[in-house]
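My structure is below; once you've seen it, I'll send some questions.
Chain naming follows the written order as A, B, C, D, E, F, G and H, and within any one chain the residues start at number 1.
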Amino acid sequence: MTKPYVRLDKNNAAVLLVDHQAGLLSLVRDIQPDTFKNNVLALSDLAKYFKLPTILTTSFESGPNGPLMPELKEQFPDAPYIARPGNINAWDNEDFVNAVKATGKQQLLIAGVVTEVCVAFPALSAIEEGFQVFVVTDASGTFNEITRHSAWDRMSQAGAQLMTWFGVACELHRDWRNDIEGLATLFSNHIPDYRNLITSYNALTKK
Amino acid sequence: MTKPYVRLDKNNAAVLLVDHQAGLLSLVRDIQPDTFKNNVLALSDLAKYFKLPTILTTSFESGPNGPLMPELKEQFPDAPYIARPGNINAWDNEDFVNAVKATGKQQLLIAGVVTEVCVAFPALSAIEEGFQVFVVTDASGTFNEITRHSAWDRMSQAGAQLMTWFGVACELHRDWRNDIEGLATLFSNHIPDYRNLITSYNALTKK
Amino acid sequence: MTKPYVRLDKNNAAVLLVDHQAGLLSLVRDIQPDTFKNNVLALSDLAKYFKLPTILTTSFESGPNGPLMPELKEQFPDAPYIARPGNINAWDNEDFVNAVKATGKQQLLIAGVVTEVCVAFPALSAIEEGFQVFVVTDASGTFNEITRHSAWDRMSQAGAQLMTWFGVACELHRDWRNDIEGLATLFSNHIPDYRNLITSYNALTKK
Amino acid sequence: MTKPYVRLDKNNAAVLLVDHQAGLLSLVRDIQPDTFKNNVLALSDLAKYFKLPTILTTSFESGPNGPLMPELKEQFPDAPYIARPGNINAWDNEDFVNAVKATGKQQLLIAGVVTEVCVAFPALSAIEEGFQVFVVTDASGTFNEITRHSAWDRMSQAGAQLMTWFGVACELHRDWRNDIEGLATLFSNHIPDYRNLITSYNALTKK
Amino acid sequence: MTKPYVRLDKNNAAVLLVDHQAGLLSLVRDIQPDTFKNNVLALSDLAKYFKLPTILTTSFESGPNGPLMPELKEQFPDAPYIARPGNINAWDNEDFVNAVKATGKQQLLIAGVVTEVCVAFPALSAIEEGFQVFVVTDASGTFNEITRHSAWDRMSQAGAQLMTWFGVACELHRDWRNDIEGLATLFSNHIPDYRNLITSYNALTKK
Amino acid sequence: MTKPYVRLDKNNAAVLLVDHQAGLLSLVRDIQPDTFKNNVLALSDLAKYFKLPTILTTSFESGPNGPLMPELKEQFPDAPYIARPGNINAWDNEDFVNAVKATGKQQLLIAGVVTEVCVAFPALSAIEEGFQVFVVTDASGTFNEITRHSAWDRMSQAGAQLMTWFGVACELHRDWRNDIEGLATLFSNHIPDYRNLITSYNALTKK
Amino acid sequence: MTKPYVRLDKNNAAVLLVDHQAGLLSLVRDIQPDTFKNNVLALSDLAKYFKLPTILTTSFESGPNGPLMPELKEQFPDAPYIARPGNINAWDNEDFVNAVKATGKQQLLIAGVVTEVCVAFPALSAIEEGFQVFVVTDASGTFNEITRHSAWDRMSQAGAQLMTWFGVACELHRDWRNDIEGLATLFSNHIPDYRNLITSYNALTKK
Amino acid sequence: MTKPYVRLDKNNAAVLLVDHQAGLLSLVRDIQPDTFKNNVLALSDLAKYFKLPTILTTSFESGPNGPLMPELKEQFPDAPYIARPGNINAWDNEDFVNAVKATGKQQLLIAGVVTEVCVAFPALSAIEEGFQVFVVTDASGTFNEITRHSAWDRMSQAGAQLMTWFGVACELHRDWRNDIEGLATLFSNHIPDYRNLITSYNALTKK
């Protein structure tokens, strides 16, 4: 009667970054801007680090919603990039769904702006089609805590797993011995407290 | 074992506005007054915009609970208006249920004051009768976070979907191309951050 | 796959007040003291108003836990009063269970201090024996929000309904016409905002 | 359709303390440091008091993650101590799983740093293997409330019970008469408000 | 260069209760309603207990601002009661100033709704005329923390002393031996935590 | 040794609205957007209502800072409008200072975005030149509470008075009898709780 | 026009611990109990470490206020201990003032429960008599933030310096070289984050 | 009777960065880590941008306090770097004071960890010697809000000006025309909301 443990597998996971656009980012007020920017870039860094197929999509980027965060474009120059002409739910866009299916992956890591629309709609649609959906909650932003928790409830009840970028990285990596330095660098770049630990550690051991 | 994705359909949805009365509004303390007023009016605007059948109901409006917010009366002059003589759960009122059924819609968007009574009671009753119930959480207010989360838990466990007015508007609209200006106007009137984006955009593109 | 709507029925409900003792009350820090005292007294007032069988129980009241709040003793001088000699879960005490069963009611409204122990334990036990359990969340207090939400999750997942005293009163009363003045007095005594509405209303209508 | 009441039994429970390391503790920011340290030590004290088999494990303790909190090492000098060479999910470490199974217990109390990784991963794995899992939420810490609630949701949906150290102690003890002084000492050492009650009580009764 | 210690003297103090009206109370959102009502009644109880001359005043009580809290009227049936015909700053009303001066007191304890207008304006005016002004901050309410702290800053910089009802009671009483039971009763009626201490104390010492 | 009571006088006051531009508004995160927009419009409404000379100024409005809020432009079509070519402190702009001096007023009500720059700099400069400065704190926004309180401290220590739009309106109006309906309309349009009071009042008295 | 820098001098400072009694501690709700207990013990530890003359005083300790925290009695067995028979302001008690003057120190570090009475009253009295007063804000507790900030404002305006125990320890110690281990031990015992730093440091340097 | 407006002058200002060390940073809990790191780097970037003489100092960097943040060392390779052998107040270190005086500047911008010690002590000492002191509050961190506000009060009362890095940058720059791109780059790198504005602006104007 409970959800089974669906464990992330780096050979079976793809990342969907939905509508992290310069204009829409000003709507995000449930996470502070410094923190939110860091979380989104941490997610994109881990996508790159684990070589996960990544799909970018935007909504009306030539209008007030604004262009995709430039950092994302730069990081995935060859990723499928679906500038949707109007579909609010990215899953209503055939190109997008085709791109997702073309990855051949069953596990979808979804993040976006705003949580209850750009994330929840494709998450719910993907679950319906049998995908295993993982919402990256801290790389997804919205207006306030009421909308956040309403969206989380709707997605969780439908079967999505709620995770954050750090949990995703750890579950994908599984064992530090696969690449200690790589994971430590990812953490050092996005968790100031962890960087401090490494700085102090290096000062004492590397002289 | 999880809730299926019941997607809002503008041809199959009705809006129930329950007890947004001038007196009762002073009881709402889990959302700030400026924000709450804005959310309620955003919901009524979207009901009108999508031409959703809308039903108004009040509890004892000649007593201390006070009259319905005048803005709602003005916006829906021809809507069924059930001034309940005493039933606390609107669903206990035959006229109300008849009005709901007369819409012929299966999806009910419910908002009201206070959340755990005026919203939760008819929501639970409607689910029992087979309706698909969507609680518009940010157009529903109550005393504090304890009552809010108790009510959310009860409704969610019973099968209601928790959404906010913005998510509702987006799920009903589906595609910007159906009417870009209409949706943008709705957002501009009720999301100051979005209005700012449009103002800046227009300044640069419409000179 | 969702919980059915179990509706409170004043002919089928009993109230269990567990360990609202002067010493233990100093442990309650997830609700401010003025508010918590008011909520507990509101629950006891409604128990009395609706003539619900009420059972009082305490844990070690001669020790540091201290005596039951005097207001509760005074309000229910003839209620079963089980001073438990040591059982932490009141349901482990045969006298208590017998008293509950003697009421002949199937719906149990439970409140107490602290939420995750004195409320959750008997709530879980009673559900196991087939009772319909309603936790009165705002008349139950505990150390902080972490313990509150942990306890709520455990109880909700086990089938308990989370409500507050106001929702309970409204669901029991069902229709203002059953006794307008009685319900209004209950609200006026425990909701300052509602009292203000009545004061202003009376000033304008009763001169 | 709801989780049954799985009650903690001191003859059937083991405690898993995962990665409470000096470096990792600086990452914990969803609970204040004084409170978190107190909660962890309360859990270890109760493990000792109830003579629960306890297993210690760490991740890379010679690196920046730092050594286990010295207080835990001192309290359980003879406990199985698995310094994992790299597995992030402790359940991926054969020695750890063997140690757990060697206890012969079915109920696992898990706490650690950080909640969504070091706690959630082994919790989900253990549930999959049929163990009854209890997360000790307030002896587990993480970055912020978003990660906490994401992790709680994932674990709760998978069947874990969320409790805090105080609830655990009470459910294990069951009856004060089993040892009044022992339980009171545990509470006095870790709940300042309870210590105050005892101080005042003793002053009045023991002169 | 600092303010001298102006100590409250029960023979030289008067209480001004400004605009605690049923309608205006709904504007108070920087203090929870249960707590605010309790604070106001605590102040009026202490005014009565210390036999301080007390002056009541209201603004447009026949309009939407509503009537004075009935409890205040009942407690001070013979107090000067100035229903101001329109002056927003009570000090602009000659009857009010005359009533203040007629008390012959130099120390004015002022509380009211809302803080930055009904309290701050007469406080600033009274300071200008040489009175020693004490703002009872927790019996004064306003819209939010921005208005509260703006008003506090303006009054403090002008020379007002910021106190709460509890500090006022203690500074007026000076020595418990003047009347132990009287002060304890005042605290017991308005500080639930203190009432609990007394309940536990009495249980142990008065059997 | 304390600041004297400088009372606002509608014949001696001017309003300076500094940099309420569509782009800069997205930087404001110490006040929620709905509330902030309402506060700014309340201030501009009161400026108009009291016929206070009002000066508009912007910084680089053709760049990313964006154009002035259109509502302000519309409300003051004939007001001096100084689009500063580069001066960050508006007081460094001769046209602006001349416009201020041309009003002939000694009391300056200043609001803007962001508080510690666009408000604080001209406020400090104006004080230096002998003006009486009133900061309208709730119509001024900034990044977070640290910047807000740093700016408030700097301005208050320099002699500025901190007020909010409501206090300003009340101190300017002085007596309801000057125009009951005008002031009530201003409040009704910008304080939802006050509007509710009026709605209920009218319902009972105007039928 | 500003306060001069009065620097703490370990040869000229005394500590006054006022009314840290088991009953009164239950009134402290502006600081969490674990943290508050830690702060008070940190202050008493530093008093002992720096060999500062320390004076203990209580109010009615045989009544509901309860006995002094036992830890304080144990730490200062030979300190002057003034159990006041009734004076609320400790400075009204001749024995207390004599004890203070007998120390021959000019700098008084004051902490107590509750801040606005037991701390503020003697602080204001001592300033009046020419002492240099330092309020140890985090070892002083009170009902809520309103009373805290009212009390802080009153004391600060009167010339008191607001510090916390950590700042006090650092200003007294002046130079780590005076005793590295002593100061580090004090910090390690009362700042978990600092203890973690030392634990990690030792693990790397002392093997 | 108020502080005069001391305006920052880029030709007369120096920056003192005190104890931003990897270990000590783990003590900072009044600002979130992402935000705090960003603020410190923003301050160092502006110091470099305005070519302000900058002085680095640390306390015991070979011990648990850890080394200076590497980013600061890299940014100011030629700055005076005073690794204090033990003085807690940097101003007690002759080398440090000499370095400050050698800059020939009268305006000192001070930031550090922790606020009430490493910032407040040298700030108070510098004021005593006649410097104009500006505390960069958001690049200074400490344990919690109690210590922050105690330290702010002490410094402000002593004559320090409280500012944040953004206000400092604006007051130093004075006029955008001095270098539009330079200032915009500084803001874009450290204020995500501002970067978004620029991204959207460029997308519309630079195609």
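Going forward, a contact is a pair of C-beta atoms (placed from the backbone, for glycine too) under 8 Å apart; a residue touches a chain by one contact, two chains touch by 3 or more.
Source: prediction; values computed, not measured.
Asker: So which chain is farthest from subunit A, going by the mean of the CA atoms in each chain?
Answerer: E
Asker: Farthest chain from subunit B, going by mean C-alpha coordinates, please.
Answerer: G
Asker: What pair in A-D, B-H or D-G shares over half of its contact pairs, by residue number, with E-F?
Answerer: A-D
Asker: Between subunit A and subunit D, how many degrees of rotation does a Cα superposition need? Round to steps of 5.
Answerer: It works out to 90 degrees.
Asker: Distance from the CA centroid of subunit D to that of subunit H, rounded to the nearest Å?
Answerer: That gives a centre separation of 41 Å.
Asker: Take the average of all CA coordinates in subunit B, do the same for subunit F, and state the distance between these two points in whole angstrom.
Answerer: Centre-to-centre distance between subunit B and subunit F: 34 Å.
Asker: Report the inter-centroid distance (CA atoms only) between subunit C and subunit E in whole Å.
Answerer: 34
Asker: Would you give the residues of subunit B that are in contact with at least 2 other chains, written as numbers and ranges?
Answerer: Those would be 1-3, 23, 26, 29, 32-33, 66, 144, 191, 193, 196-197, 200-201.
Asker: Tell me, which parts of subunit E touch subunit C in their complex?
Answerer: Against subunit C, the touching part of subunit E is residues 22-23, 25-26, 32-38, 61-62, 66-67, 69-70, 191-193, 195-197, 199-200, 203.
Asker: Can you list the subunit D residues touching subunit A in their complex?
Answerer: 1-3, 23, 26-27, 29, 59-60, 63-66, 85-89, 92, 114, 116-117, 120-121, 124-125, 127-128, 143-144, 146-147, 149-151, 153-154, 157-159
Asker: Using the touch definition from the top, list the residues of subunit B that touch subunit A in their complex.
Answerer: Residue list for subunit B touching subunit A: 1-5, 7, 31, 137-138, 152, 156, 161-164, 166-167, 170-171, 173-178, 180, 184, 191, 193-194, 196-198, 200-201.
Asker: Could you list, by residue number, the parts of subunit G that touch subunit A in their complex?
Answerer: Counting only subunit G, the residues touching subunit A are 197, 200-201, 204-205.
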